[in-house]
Each structure stands twice: as structure tokens, then as C-alpha cells.
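What follows is a pair of complexes built around chain A, which joins chain B in one and chain C in the other.
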Partner chain A sequence: MRGSLLAADLRAFGAAAMKEWRLLRRYPTLFTGFLFWPIALPTAYVFQARGYAGDSQAALDAFASRAGTTEIAGFLFVGWAAYMWISMILWGPGTALRTEQVRGTLEALFMTPVSRLVILFGPIVSQVVWALWMFAIVGGALILFFGVAIPPPAALRALVVILVAVPALYGLGALFAAVVLRFGEVHALVQAVRGVFTVFCGMTFPIVILPEWARAVALTLPPTYLIGDLRKVLLAGSDLASLVPDLAILLSIGLLLCGLAIVAFRRTERYARRGGSLAQY
Partner chain B sequence: MSTPAVEAVGLVKEFERGRRTFWQRLRREPDQRERFRAVDGIDLHVDRGEIFGVLGPNGAGKTTTMKMLATLLEPSAGTAKILGLDVVRQAREVRRRMGAVLSDGRSLYWKLTARENLEYFAALYHVPHAEARARIAAALDAVKLDDRSDDYVERFSTGMRQRLVLARALLPDPELLLLDEPTVGLDPQSARDLRDRVRDLQSQGRTVLLTTHYMEEADQLCDRIAIVDHGRIVALDTPAGLKRTIAATEVVRLEIASGNGEAALLSRLERAGSVAHHERDDGVLSVTVHCRSARDFVPAAFDAAHAEGATISHVEVVPVTLEDVFLSLTGRALRE
Partner chain C sequence: MVVEGAELRAAWAIARKELQVARRYPIQLVNGVLQPLYQFLLPSLLLGATFFVGGKALGLEASAGTDDLAGYLFLGIVVGAMVATAFWEMAFGLKREMDAGTLESAWLTPTRPETFILGRAISGGILSGAGSVVLLAIGLLVFGASVAGGVLLALPALALAAVSMVGVGYLVASAVLMLREPNFFVDATNFLFAMISGVAFPVTVLPALIQPLAYVLPTTYAVDLLRVYALGTRPLLAPLVEWVALVVLAVAMVIVGRAVFLRTEHRMRVRGTLGQH
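Our next item is the complex of A and B:
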């Protein structure tokens, strides 16, 4: 019984992703935005870095000693790509719920027997397509414009790092979804958390330049490990064995966040059922 | 003996009025919001295979009751069972075996086709993959949308969208359907069409529990009707049985241009029949009277008006309707 239920939920998961993909396809101009931003934003930072440091060898050496790579463009592009993917996931479940709420479909979804995880995460699976699209654009831009090549084995190792980070990021996203059910609005909170990640997680800079207390904060945040480890495998040629301690921490934080998210979502769903706020916005 | 399709005992739903600020919560101040009962102790027993109507004005608690039965709202007190399953403790199983139309066409994805909408919801209702295609075709056929299945929902009329919502509710092949105001906002033709579909559902052996504030709809469709007002059931019977509760066979509606003697005039009319309702609007007194014979009452009404110096400008004789039953039970019209 449990097995067939799980299989039915997995099928529903696929259907939710397919539904979202179909809706996205009805607005094809969205793809052009994703063609532009993954290149434009990091490129601006590359130019900024060149503007500040020029061709100074001392500056490049200083960067290499702190970042563990001499590839400034690669460093910034990987940081930005990871950050954009993180943003997608943070917004994902909360936005999915909010969109259903505003559209008027949320009650219809909650009247079906499907697991709430399907409603939360099914739609954002379709964003894997966006993520692949974005990473492909970033990889292409690095090769074409900056001559930075990403060897396929390194890309595979990066994929492992991304998969290990998934529970932590989806857990955070689900926590935001719980906020949507409780307060109906999550944008301000997501922006605040993104701000914290921008300052502490080393998206555009190596975190060793942070003061000690800020580094301590950074080491409690999952994106720090994701961004740092992606750079290590893609730019510094690190193997996965050397990243095991980092990945273990990332996975532990992920499991903790997922547990918290499940409890929080159950509580807020109950709150919504008691107060009748499921369809209110 | 089979379990009833719906069984509710002492169902209560309370909501808070007003708001409690963030600071009040933070300071853990006592919650001083006023609580009101949208549903105030409803008992329901719906047998399998019947069309059961909940009739009442807007704000009577119909939708809140339906949402509790559909597992969208948690009751404040009382219990409710759907097909023998508790709506709180066995919510997921309830959802699996029940179809519900609790909303209008907004609850569909307008940028998807009718079929795409149903494909998605078939998966959410755990319809086996091998059966999904046939189930969707049957649902579309049942609501007569099979020829528009590949059109975007945004191109549908309101009536078609409502029929598609009904098709969605049929996907789990439910034994019970909950329909909340299914024809509201539809033109007469679309409403008639949807009522035909509901009758078809009953002929297939399904149970239908519907709410409406259209008395004709309840009268035409339902085997039994519960009349609700202020969150309580005030009467429950077959349509004919409800009408029999009024000691009258005909209803006479009068419009009278009267002067100051309104009370005396009403008193005279009361002697000839039973004044169920009266209101004055723009100098015209509208009176609804229940009587055994309009043939006897109408001449008496003209005599009474003449005696009080008033003029009857309009007379309408109609059979007893559920509107009159509601009026006699609550003193208010359904539309008020």
C-alpha cells in the first residue's frame, strides 16, 4: 500500500513538473531573459575586478592566494551561477504556493490526496530545465569570452556537489513556503535571506577576506559550502574525496532543514485549515 | 446496512472577527477578538445515491460546511464522516474517494487545455496511469466537453469552465460529489445544462451533496433539502414535505398603495389569510400572504383595502415554493 502510494506520488511529482513546464512554454519570451542575465551579471563583476586590479601581478597573486584559483572570470561566473540557482530554489516552493493561491487553484490542489511535497516541490522540478539552461549558458560564455574550459569530469563532480546541496536548499525553500501559508507573503523575507547569503557566502569574493565572526556565520550557511566546493571542483581541480567533510556538513544541514521544514509546513497547514486562510491572500 | 455517504454530528466552525496585531502576539496579550459561529451545530445524514441539497441565503454557513466536509477546514467542534471516514483523522483517504466542486473556473489553469488540466489533476488524484486516458475521456464526455478538450481554458465560457471543474471532480470516479453553488454566475441555459449533468451523476449511482441559494434549483434537483440559516439547519425534508409545513396551498403577493392605515390593513388581511411577509418601498406596501384558496382570499383582500382607503395595484397568485418555506421559518426572504 505504502509502495503504491509512493509510486502514485512520484507520478504526480512528474505531472506537476510537466504542468509547470507546459505553462512556462506558453510564455517563450521568458527564455530570452535567462539568456541575458547569466552572462551580463558576472561579466559586469569581471570588468569591475579588472578595473580595480588591472594587470597587476601583485593583485592577481593576492587573489590567487585567497581564492585558490587564478581564474577571476571563472570564480565570478561560478559564484553567480550558483547564486542564481540558489535564488530559484529559495523562491521556488513559496512562490509556487503563492502563485496557486493568487491564481485560485490552491484549494483544488489541497482537495486531492497527493502528498504536500508534490505540491511544494513538483512545480520547481521544472526549474531544473532553467538551471541546466543557465549553467550551459555560463559554461559557454566562460569558454567563448574568457577561454576558461570546464573539463567534463569536473562538471560531473560539480553535479555531485549540487545534488548534495539539494536537501539544504529545498529545505530552506519549504520553510519559506510555510511562511506563505501563515502570512501569505514571503518576498521580503526571501530578499533578506538572499542579502545575508550575498554578504556572507562568498558569491563574488573568497570568504577568507571576511572578519573572523563573519566567517563563523558563513560556515553555518549551506550556500557557502555549495559555492566554495563548486569552485574547488570546477576551477582548482579538487577531487570529491577532499570535499567529504564539507559535503557531510552540507548534507547534515540539509537534513536538519528538511526536518524543520516538514514540521513547520504541517503546523502552518493546520493553522490555515483552522483559520480558513488557505485561499486567502 | 451501508454507511451513509455523509454523516455530521454537531458540526461547528468558529472564526475570529477583527485582527490581532503582531505586537499583541509578541507581548502575549490575551486574544480579545470576537468569535462568531459560521456553522453552529449542524447534523447531517445523507444516504448513498441521493441528491441532497443545502439551501440557504448567502452567509448561512453552506460553504463553510462544505469546506469542512472537503477537508479544507478543520471543524471547531463536532464530527463529520464521509463514506464512513473521519474528515480530520482520515483526511487523505476522504480526498481519495470524494470529488468536489467548491470553486469556479478560476481554479483551473487557463493557459492549459482542458485535457492538460485533467491530466495534471488525474495524477494528483492518483488515477493509475493505465486508466488515466480513459478516465479523462469519460469525464469530458460526461460534461459534454469532449469536442473542446484541446482548447485552452482561457477560451472557454464561464459555463464551460464550470463544467470542466465538474469533470475534474469526476476524475477519482468518486462515490460522493460535493458541489458548492455549482450554477452560480451561469446563464440559464448553462445552469440547466449543469443540472442535467448532476442528474446524470445520480443515475450513475453517485451521491451528490450540493449547496445552493436558488430555491428552484433545490426544488428541481434534490431528493431532500436542509434549509440553513445563521449556521443552523432550520428544516430538513423532501421538497414536497417542506412545502407541506406551510398551512397553505397558494401564495398571494399584493402590491398596495396605502395611506396611514397600514397596521389596520394588515390586521384585516391577517384575518383572511396568513401574512408571511410585508415591506414598504417607495410608498408601495408589498405583502405576501399564505392562504388555502386564492379564489376566496383575493376578494377579501380587495374588501379590506377598500375599507382602509387603500388601492391594490397588483395581484399575483403562485403555488407554494421553498422560498415561502424559508420565509415562514425565518421571516426573511432567501435573497435578503
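Our next item is the complex of A and C:
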């Protein structure tokens, strides 16, 4: 009985992911954006870095000693790719639930016998496709336009880092989805969290240049590990064994965030059922 | 003459309405100031600090002629805000009217359609100007930017660039009217316009193929003159040439932009597609 329920939930999980993917496919202009921004945004920062370097070898050496690599383009592209993935995740699940709420289909969805975990995490799965697409675009741009070499073993190690980061980032996304159900609006909170990540997690800079207190904050945030480890495997040739402590922290934070998201979602659902506010927006 | 006076009054009334709407969303107003700070200025400052040698921006000094990184970036954002006003407030504002279903009824009033754009330009200019003053104050007080009194000499350059941007706003508004989903277009062109103008870095670091584009954008000269007078950076061209370019571009952009907008608006009326989105 339990086994068949699980199988049914898994089928529902696949159906939820497929529905989101079909919706995404209906808006082809989104693909243009996902092609443009992963290249345009970091390229602007590469030009900025060129301005900061001038023709000063001392400035370039200073960057290399702090960042641990001379690949300025690679350093910035990896940071911004992670940022864009995180942005997608912060907006994605919350917006999916909000859209159901606005369309008036959220109550119908909650009436189905499917597990709440499917409702919470199902729409997120389709975004894994976007994440892989974006990292592929970034990798292609780095190889084609900036001559950065990404050997296949390094790309595979990067894929492992991305997969280890999935629970942390998607847990965060699911937590935001719970907030959307509770408060109906998440725009300001997403902007604030994105701001914190941009300032602390080293999208455009190595965190060694932060003051000690800010570095301590950075080390509590999952994107710091994701970005740092991606740079290590792609640009510094690090192997996965040397990253085990970082990956363990990332995974632990991920499990914690997923647990928190589930608890928050259940509480929010109970609150919404009592107050009858599930369809209100 | 009477008609022109009435149009100006209408533009001011539209601007006041937009300001009133903006006042109703104070968090959005605060975010309007904070967003450039955490999305652009702080990441740029921290990237710049990665290149510091002995606490000094030697590389920037070599490429731009100043080692005042904060001053360089905070002045850049003043012109960046001007660009954003043209693209988002003047042009994309039409899309919001379309979504709300009020565009057709507003344009049925005796007020000319281009006056609605002008009204949005005034309110957007006031809001972005106020935001820029706050950001500059943060730059001076928190990040140690040191802007010389000569910055006042660049105010006419900013005014001329603002006039040019009204023309650019008309052009982008024409595109918004024609595209059913203009969000990506506005976002991407706004970004490219600001970047190619040198808001974030010296335009001399752009590839040779793109650099000529920078020289036909009024904002390139505005931000350059602003930095020349405030920070003593090396000018792109002789300042006199930049002033002349600003005047010529201001006149040309408004004439061309307005003509394209009126033509587009006429075509939309003929096809009856004004309310479609």
C-alpha cells in the first residue's frame, strides 16, 4: 500500500515537472533571455575588470594572488552563472505557487490526494533543465570567446558540485514558496536575499577580500561554497577529494533547508486552511 | 501657443499622477535606491578592490586617469539611472498602461500621446535624480568617493543628455507598442545602452568593433564629462567636441524619436492594435 502510494507520488512529481516544462516551452522569448543574460552580464564585468587592470601587471598580479587564478573571464562567468541560477530558484517555486493562486487553481491542487512534497518540489525540477542549459551556455561562451579551456573531467567535477548544491538551493526556493503562501508577496524578500548573496558570496570577487565578520557571514551561506568550489574545479584543477569538507557542509545545509521548508510549508498550509486564505491574493 | 501650454500642463499633471502612485509604494521607492547599490555598485567595488595594489586602484588610474574607484562608479550610476528612466519609466510605462487596459482611454483624451511619454519622463527624471543624489551621498560618506566642486560644471551636460534620452525614450516606446512581450527587449537594450556608454568601465576597454557605437550615444559624453569635471579623469575626446556632440545628439534624438513614435502610433491606430498585448 505504502509502495503504491510512493509510486503514485513519483508519477505526480514527474507530471508536475512536465507541466512546468511545457509552460516554459510556450514562451520561446524566455529562451532568448536565457541565452543573452548568461553571456552579457558576466561579459560586462570582464570589461570592467579590464578597466580595473589597465595595463598594470601589478594589478593583474594582485587579482591572481587574491582569486587564485589568472582566468578573469572564467572567474566572473562562473560567479554570475551561479548567481543567475540562484535567482531563478528564488523566484521560481514561489512564482509557480503564486500563479496557481492567481489562476484560482491552487485550491483544486490541494484537494488532490497527492503529497504536499510534490506540490512544493515538483515545479522546481523543471528548473534543473534551465540550470544545466545556463551552465552549458556559460561553458560554451568561455571556450569560444575567451579561450578558457574546460577539460571534460573538470566539467564532470563541476556537475558533481552542482548536484551536491541542489538540495541547498532548492530547499531555499521551497522555503520562499512557503513564504509566498503565507504572505502572498515575495518580491521584496527575494530582492533582499539576492542582495545579501551578491554582497557576501563572492559572485564577482574572492571572499578573502571581505573583512573578517563578512567572511564569517559568507561561510554560512550555501552559494559561497557553490561558487568557490566551481571555481576550484574549473579554474584551479582541484579534485573532488580536496573539496569533501566544503561539499559536506553544502549537503548538510541543504538537508537542513529542505527540512525547514517542509515544516514551514505544512504550517503555512494549516494556517491557510484555518483562515480560508489559500485562494486569497 | 495655447495648445502647447495645455500640453505642458497635461505633462505636468501626468508627472504628478505618477509621483503620487510612486509615493504609495514606499518600499519600492527605497528599493529603487538600494537595488543599484547591491546589484551593481557593491559587486563592482569589490571586484575593483581585488585589483588594488597597496590599497590603490593603479590599474584604473592607468586606464581612466583616476584611482578614485568609488567616485568613478557612483558617478557612472547617475547616468545609468537616466538611461533606466528612459527605458523603464517612459517606454515600458506604456506596457503597464496596456496591461491595466487604460492606454486607449488615456489616448482618447485631447492630450497628445507623446505628452504622456513626456509626463513620464518628468516624473521618472525627478525620481531618478533624487535617487542619484542619495546614492552619491552614500558614495561620498560611506565609500570615501571624493567628488570635486567641478561636478557642477557637468550639470548642463546631464541636462543635454536628459533631453537626448527623451528622444531615446520615444524610440523605445515605439518598440514597446509594436512588441507584445517587450520585457526582454527593454531589459536587454537598457543594459547594453548603459554598458556601452561607459557607466561601469572606460569605453576604451570595449572591443574595437563596439567602440564606435559608444560615440553615437549621448550618455557616453555625459558620463565622460561628469567624470572629467568631478574626478579629473582623461576625457575621451576634447571636451569642446563632447559638448558639441551632446547638443547635436539632443536635437537629433528628440526629432527622430518623436517622428518614429508618431508614425508608430498612427500605424497602431490604423490597424486597431493599440489595446492588444
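By definition in this document, the second predicted complex is superposed on the first by the 280 of 281 C-alpha atoms of A that agree within 3 Å, B and C clash if a C-alpha of one lies under 4 Å from a C-alpha of the other, contacts with A are read in each partner's own complex, and residues count from 1 in each chain.
In this section, a contact is a pair of C-beta atoms (placed from the backbone, for glycine too) under 8 Å apart; a residue touches a chain by one contact, two chains touch by 3 or more.
Keep in mind that this is a model prediction, so the values were computed, not measured.
*Asks:* Record, for the superposition on chain A, whether partners chain B and chain C clash or fit.
*Replies:* Taken together on chain A, chain C would fit alongside chain B, as the superposition shows.
*Asks:* Looking at A:Ser242, would you say it contacts chain B, chain C, both, or neither? Reply first, second, both or neither.
*Replies:* neither
*Asks:* Which partner chains sit in contact with A:Thr220 here, chain B, chain C, both or neither? Use first/second/both/neither.
*Replies:* In the superposed model, A:Thr220 contacts neither chain B nor chain C.
*Asks:* Taking CA centres after the superposition, what's the angle at chain A between the directions to chain B and chain C, given in steps of 10 degrees?
*Replies:* Approximately 90 degrees at the chain A centre.
*Asks:* So in the superposed three-chain picture, is A:Arg270 touching just chain B, just chain C, both, or none of them (first/second/both/neither)?
*Replies:* It touches chain B, and chain C stays clear.
*Asks:* Identify the partner contact of A:Ala62: answer first if only chain B is touched, second if only chain C is, both if each is, neither if none is.
*Replies:* It touches chain C, and chain B stays clear.
*Asks:* Which partner does A:Ser252 reach: the first (chain B), the second (chain C), both, or neither?
*Replies:* Neither partner.
*Asks:* Of the two partner chains, chain B (first) and chain C (second), which one does A:Gly195 touch, if any: first, second, both, or neither?
*Replies:* Only chain C; A:Gly195 stays clear of chain B.
*Asks:* How far apart, in Å, are the nearest Cα atoms of chain B and chain C after the overlay?
*Replies:* 15
*Asks:* If you lay the two complexes on top of each other, which residues of chain A touch chain B in one and chain C in the other?
*Replies:* The answer is that chain A has no such residue.
*Asks:* Using the touch definition from the top, list the residues of chain A that touch chain C in their complex.
*Replies:* It comes out as residues 27, 29, 32-33, 36, 40-41, 44-45, 47-56, 58-60, 62-63, 66-67, 76, 188, 191, 194-195, 198-199, 203-206, 209-210.
*Asks:* What residues on chain A touch chain B, complex-wise?
*Replies:* The touching residues are 5, 8-9, 11-12, 14-16, 18-19, 22-23, 26, 103-105, 107-114, 118, 270, 273-276, 278-279.
*Asks:* Going by the contact rule set out above, which residues of chain C touch chain A in the complex?
*Replies:* These residues of chain C touch chain A: 27, 31, 34-35, 38-39, 42-44, 46-53, 57-64, 69, 181, 184, 187-188, 191-192, 195, 200-202, 205-206.
*Asks:* Under the touch definition given earlier, write down the residues of chain B that touch chain A in their complex.
*Replies:* Residues 15-16, 64, 67, 70-74, 76, 92-93, 95-96, 100, 102-104, 106-109, 111-112, 116, 119-126, 128-129, 168.
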